[in-house]
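Quick one: the structure is below, questions incoming.
Letters are used for the chains, namely A, B, C and D, taken in the order the chains are written, and counting of residues starts over at 1 for each.
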Amino acid sequence: MILNKAQIDAHNEKRLAQHKRAFDFVSGELPDAEAIIRKLVDFQVAIPSWALGSGGTRFGRFSGGGEPSTLEEKIEDIGLLHQLNRSSGAVSLHIPWDIPKDAQAIKNLATDFDLKFDAMNSNTFQDQKDQKLSYKFGSMQHVDKAVRQQAIDHNIEVIKYGEELGSNSLTVWLSDGSCFPGQLNFRNAFNNTLESLQAVYAALPEDWKVFVEYKAFEPNFYSTTVGDWGQSLLYASKLGDKAYTLVDLGHHLPNANIEQIVALLLNEKKLGGFHFNDSKYGDDDLTVGSIKPYQLFLIFKELVEGMDARGMNHATDLGWMIDASHNVKDPLEDLLQSVEAIMLAYAQALLVDSKVLSDAQLNNDVAGAQEILQSAYRTDLRSLVAEARLRSGAALQPLQLFREEKIRQQLIGKRGTNSIATGL
Amino acid sequence: MILNKAQIDAHNEKRLAQHKRAFDFVSGELPDAEAIIRKLVDFQVAIPSWALGSGGTRFGRFSGGGEPSTLEEKIEDIGLLHQLNRSSGAVSLHIPWDIPKDAQAIKNLATDFDLKFDAMNSNTFQDQKDQKLSYKFGSMQHVDKAVRQQAIDHNIEVIKYGEELGSNSLTVWLSDGSCFPGQLNFRNAFNNTLESLQAVYAALPEDWKVFVEYKAFEPNFYSTTVGDWGQSLLYASKLGDKAYTLVDLGHHLPNANIEQIVALLLNEKKLGGFHFNDSKYGDDDLTVGSIKPYQLFLIFKELVEGMDARGMNHATDLGWMIDASHNVKDPLEDLLQSVEAIMLAYAQALLVDSKVLSDAQLNNDVAGAQEILQSAYRTDLRSLVAEARLRSGAALQPLQLFREEKIRQQLIGKRGTNSIATGL
Amino acid sequence: MILNKAQIDAHNEKRLAQHKRAFDFVSGELPDAEAIIRKLVDFQVAIPSWALGSGGTRFGRFSGGGEPSTLEEKIEDIGLLHQLNRSSGAVSLHIPWDIPKDAQAIKNLATDFDLKFDAMNSNTFQDQKDQKLSYKFGSMQHVDKAVRQQAIDHNIEVIKYGEELGSNSLTVWLSDGSCFPGQLNFRNAFNNTLESLQAVYAALPEDWKVFVEYKAFEPNFYSTTVGDWGQSLLYASKLGDKAYTLVDLGHHLPNANIEQIVALLLNEKKLGGFHFNDSKYGDDDLTVGSIKPYQLFLIFKELVEGMDARGMNHATDLGWMIDASHNVKDPLEDLLQSVEAIMLAYAQALLVDSKVLSDAQLNNDVAGAQEILQSAYRTDLRSLVAEARLRSGAALQPLQLFREEKIRQQLIGKRGTNSIATGL
Amino acid sequence: MILNKAQIDAHNEKRLAQHKRAFDFVSGELPDAEAIIRKLVDFQVAIPSWALGSGGTRFGRFSGGGEPSTLEEKIEDIGLLHQLNRSSGAVSLHIPWDIPKDAQAIKNLATDFDLKFDAMNSNTFQDQKDQKLSYKFGSMQHVDKAVRQQAIDHNIEVIKYGEELGSNSLTVWLSDGSCFPGQLNFRNAFNNTLESLQAVYAALPEDWKVFVEYKAFEPNFYSTTVGDWGQSLLYASKLGDKAYTLVDLGHHLPNANIEQIVALLLNEKKLGGFHFNDSKYGDDDLTVGSIKPYQLFLIFKELVEGMDARGMNHATDLGWMIDASHNVKDPLEDLLQSVEAIMLAYAQALLVDSKVLSDAQLNNDVAGAQEILQSAYRTDLRSLVAEARLRSGAALQPLQLFREEKIRQQLIGKRGTNSIATGL
């Protein structure tokens, strides 16, 4: 193991006095800091298996070193993250980039790191070597039934891998769409996709969920067949009770009000999962909270309120995953920053007094409602998040510990500078 | 009457030779020009009663002269348009800007001009003098049940006016939403709005339709409670079979694929009506076809194909209306240009050979599909549209006739330079 | 006077213990809290004379009550704001909405409230009663030289009013542009505008500056003749050393990187002034910091760094103004929130350790640079801003004091519910 | 040679009657068809050496077959295009993807196909094998002088290659920028880039031009150091008379008015070149004219008018190039469609009667100006473009001939299904 408990303890010891000063102040000012901390401790964000290496754009990819080149090494990296923050206790696998050849061994390895297997991800947006038919013109939408069947079969295979690993959900992201007017018959594409999804749905185990992810554009640049939450909701409604919409923050048209979408999907009991990242222009896949942290807070405010209104368990009733790319940062550092941003936004959202907010809303006290939200957002809750980590045995400052222990250098030492992780 | 048949005939006579040259050429090249012309003759676009005066922005309004200041004068203006192009044979009334005090007289006047009454429009986005409760914080979404009831009552009153005039549909555009995070509980706003719409729906006559219009933003700048087609479809689906979504071209986030939305709504049997305009930045309400004429064609291509797939009548099974503003143009000229752009896009869409296109799609012949669409679009069908007008007794060149006869100057002579039409 | 020192003192007294707790904690954690506080005390944001009443949209305006209906009452309102926060010590006048008929009396009144006169604003985007020529088709760009001259003369008149009041800068915002392709010859429009601005520039007193404000769209919806920072910089460069670009946060295309623009303009020594507001979709004119507070911080970070690099005085070397609309909030409350958001972002920017940041940048330590910025931003500096107010004799919690003292109700008592302020 | 004159003649022969019918009609209606045809014959669009293979996205690449795998094969493909349309008579080379190892042989080959060498393109946005220093954090903006020097040296080397081939311009597209707030000091990045460009400028041969291309975002997702036309113009102005701005249609923020930018750059004598493509969402690199053909026409209208106002030669005084990607189309078919769209837009722009338009503008006749533009745009000029091809010895219907002669299949036969072209 790259990191041991003694190193974490030493790190925490050094920072404890400063931490305690901040924590004592802020927890003293809050009505019930302990309730927030308990929820923070429970909250876990899945790390996708493709997020451990450098990401790229169509213009190029600048690999860092020490990337994990096997599934085992990826799980080790996620295990390391989880050691550092005790909030990354789940893996989201992508097939076929990370096929678990020996499922039991992989499961054991994950258990060693206290990791579970969250939603499985299928891939029908690329052609794999030896793949019989091409997805160049789509998969589940394809005009050729044989291609659609191939995509269905692949998804069913992914479910099978998931069952072996103890996962209980499938995320279907389809890049299907078109690049030019006229290329697609929109209605046929929709109906084909629905029919294909229904075939996958029929193969879904009893206790599984399927998440229908939507995206406004890219890699198709004229239309996307699951292009917005309205389309995803249509599919999910037609599929049945085990089908849900999955929201990825970067998959919207400019200026979309994502927090409202979240609220409406919860109202319809159809929100299933979440892919966190941040963006300025498109699906930029930047570090969570790096561009619009207030929007992230507003989304969490809706999540907390909407889930509470339904009596849902924050930690378990939605699938939470990071889906970012790491073009210019160390992937592990980026993931640490992303998890931190998520925990902070979640803590801030928990701080909102929903009763007082509701009163302001009932009085159309717009300025007052803003004060309530901003007061929660402006409160510096970093020490609460750190306290939750401390109590879970993780590091007060995960990123600093990562750097102090020169973990990247160690990984490079073990894996070399040229190891390449599968992914984009 | 400002314009008589003799004037139109004289105008046509002068242009006939040139027209015939173009028409003969193009109709000779087409497989079935006559079929297109017949459909063009039948197609009618409603003119809203607020579109006869200069529009404005929040920064100001620059009135032209000769605006109609009564409902009667407005109907006269629409009658004039219809005389000029025989494609504007319907009025879409807005209440309370244009309350028909004597319904029978108004109906008779309209009949004199061969005009019907299309969808009625309610208004709960402004406060009227002597209105009991304010819509400052919304209408059907409002936290106060009494405000919601006032909005419901208003819509029912609008239906009543419509029944008297022979209309059979109601368009509900709600500006309800919020300007700031925290202002609204999104779920309550949605549920209140749904409940309010249900009360209106319950009052809908048997043979009526209600159109739920959506809009991304403005006048609310943070959230809108019927903000996109997904939300509108949710309301319409929950309301029942008489409820439909209405699409206004300018009411979308940047880059939205409106033609795909149209196709999907037709696929769901939930497209009810259309508001035509054009835009570059937001709800700019510019002349139809003035900015993105190819997009207009693509939308019409989906309309034609989707309606044909459902066996719908192009002329009667959807509500067609112009909804533009005329900040820098003469409103009547602007409307003439808008109707012309609509007829042209419709003609081009009718020219698309759906069998050949379908074959290209089934072969994933993307370049070929583009050729088919662009070939229809590039064909100069202006003479076909003119021929349809000629056969209907209208002018070959409506805008030129309007100018030749100095109609605006005549209207100013009759109504003065300072007459102001109700509207925005 | 609506508010007296005793009321402020009583308010502060009540909150002092809580304030001191927060201030002592946070100032104890900072390297030099006092330096930040001193800068906060000096920083003043001008309030435009049109911001004291409810704003509206083209769809309507919902006035609150107690709006100031004279320039004197507006100055009283700004004086009140300044009493509450001691950060609003300047008035930005708009001509002709607020012509100072007796300049000396107005100046005395302002002095009584400790207010200065910041940049003067001209208006050639509306037609005033008795105005000779119309601005319907633009002002400084107009094809008619007489209209251009009228616009020039108006600006020179505004300068004259400004001189009488002790202002020393002129903000020129032109709505000039076009709504339709073909309407304008872009080059002529540019050259006419340049020539007009040169005529105004020639009339500028020696110690004055002129700010050329740009805006992407609205009220013109196809092109704007001073449409982006590139155009504004072109005009300002051609005009001369007294001409600068003015940045209004809401006047950009979607996703523009405003902080980079600010940095580049400072690099070119051509940034002159700033209009603060916030937005989600367009020029929404929402309360500063209500939508994208992190962006506001990033902008201030560039301002601080860029001004420091030039040895500029933060408080005096740029023109700072709020330019928001208040459609659903009490205007005074909205302004208090806006000023608070500005002060907070400024304080956070001052907290950034530029040496440490520069080191991270020189090492391409992207994650580290983000930590530095976010650490400053996450620090809860509200008590520092409050402390600056306390030391200046203002209220610890201006908005709360405004409400406690029922100031709006008092204003309604004095001015009535139907008083209407000039503006949009 | 894949295609010979006899095949072209046979193709034309078959279509001649239909062509003549259309051409006779439309040329009979135009004031001076011959003048337009002459200009069409002269107009040539350069084909970039990376455009002959399938493009891809970060999600994958679906190669078609028969891609050219050497520079020689690429020139053959461009030669083939030029045979088909006689409008693609130039190659735009990219270094290091297509280094001409034997310049004289390459030049001779190009001459055989009647091709010239247009602007040379450098690449400092990717790391090449054996490259000493990485461009991960930028090239000309880099904090490390050695990286900047490497980028400078590369550009100078590209110029050298260009001199050998007879090119006389260099296009510099920098992807330099940042993905996260704090990553860059914007001012330093600007100043470093300027200094680097100055070093390249100093090495520019006397009769050369350098084009500074800008792009709003991608591959950097927070800031770009040459991000908009304003920045590009700043660099070009500081560099000197041989430096110009290059406009790529896809490199703008949503809704930007590109035609106005073109007009202003021509007004400043600083427009140097053009990259054609089309897009809906971002830098989608779609076929020219496939999404917004009217915008393309409007841009050409400004080009024609602005160049005429400066007495510029349309065919030679700006650099014209296609810069599209071909994810789902045959690259050669795509290029044929792109060139066709360009020629058509150019023809339509030439048809605009600038005197009549100017009169309408001087009268603020907005509706009239729109009629003038749309009348030119609506006129079906495909037969004029075809006539220009006919007279130049090219095919009446290049795309159809390409398909009739099964050229792709021939290329696959020669090169195999797995040949891969260098590029993105």
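As a convention for this text, a contact is a pair of C-beta atoms (placed from the backbone, for glycine too) under 8 Å apart; a residue touches a chain by one contact, two chains touch by 3 or more.
Since we're looking at a predicted model, the values are computed, not measured.
One of B-D, A-D or A-B repeats the interface of B-C: more than half of the contact pairs, counted by residue number, are shared by A-D.
More C-beta pairs in contact connect the chains of C-D than those of the other pair, out of A-C and C-D. Distance between subunit A and subunit C, defined via averaged C-alpha coordinates, is recorded as 39 Å. Computed from the mean C-alpha positions, the centre of subunit C lies at a distance of 43 Å from the centre of subunit D.
Residue positions of subunit C touching 2 or more other chains: 136-137, 178-181, 183, 216-217, 222, 254-255, 257, 280-281, 287, 290-291, 294, 328-329, 364, 366, 370. If touching chains are joined by edges, the resulting network of the protein chains shown connects every chain directly with every other. Across the interface of their complex, subunit B is touched by residues 21-22, 25, 29, 254-255, 257, 280-281, 287, 289-295, 328-330, 333-334, 337, 344, 364, 366-367, 370-371, 374, 377-380, 382, 399 of subunit D.
Within the complex formed with subunit B, the residues of subunit A that make contact are 136-137, 143, 178-188, 190-191, 216-217, 222-223, 227-231, 233-234, 253-257, 259-260, 263-264, 266-268, 294, 298, 302, 305-306, 309, 357-358, 360-362, 364, 366, 369-370, 372-373.
Residues 55-60, 62, 125-127, 134-137, 175, 178-181, 183, 216-219, 221-222, 254, 279-282, 284, 286-287, 290-291, 327-329, 424 of subunit C are the ones that touch subunit B when the two sit in their complex.
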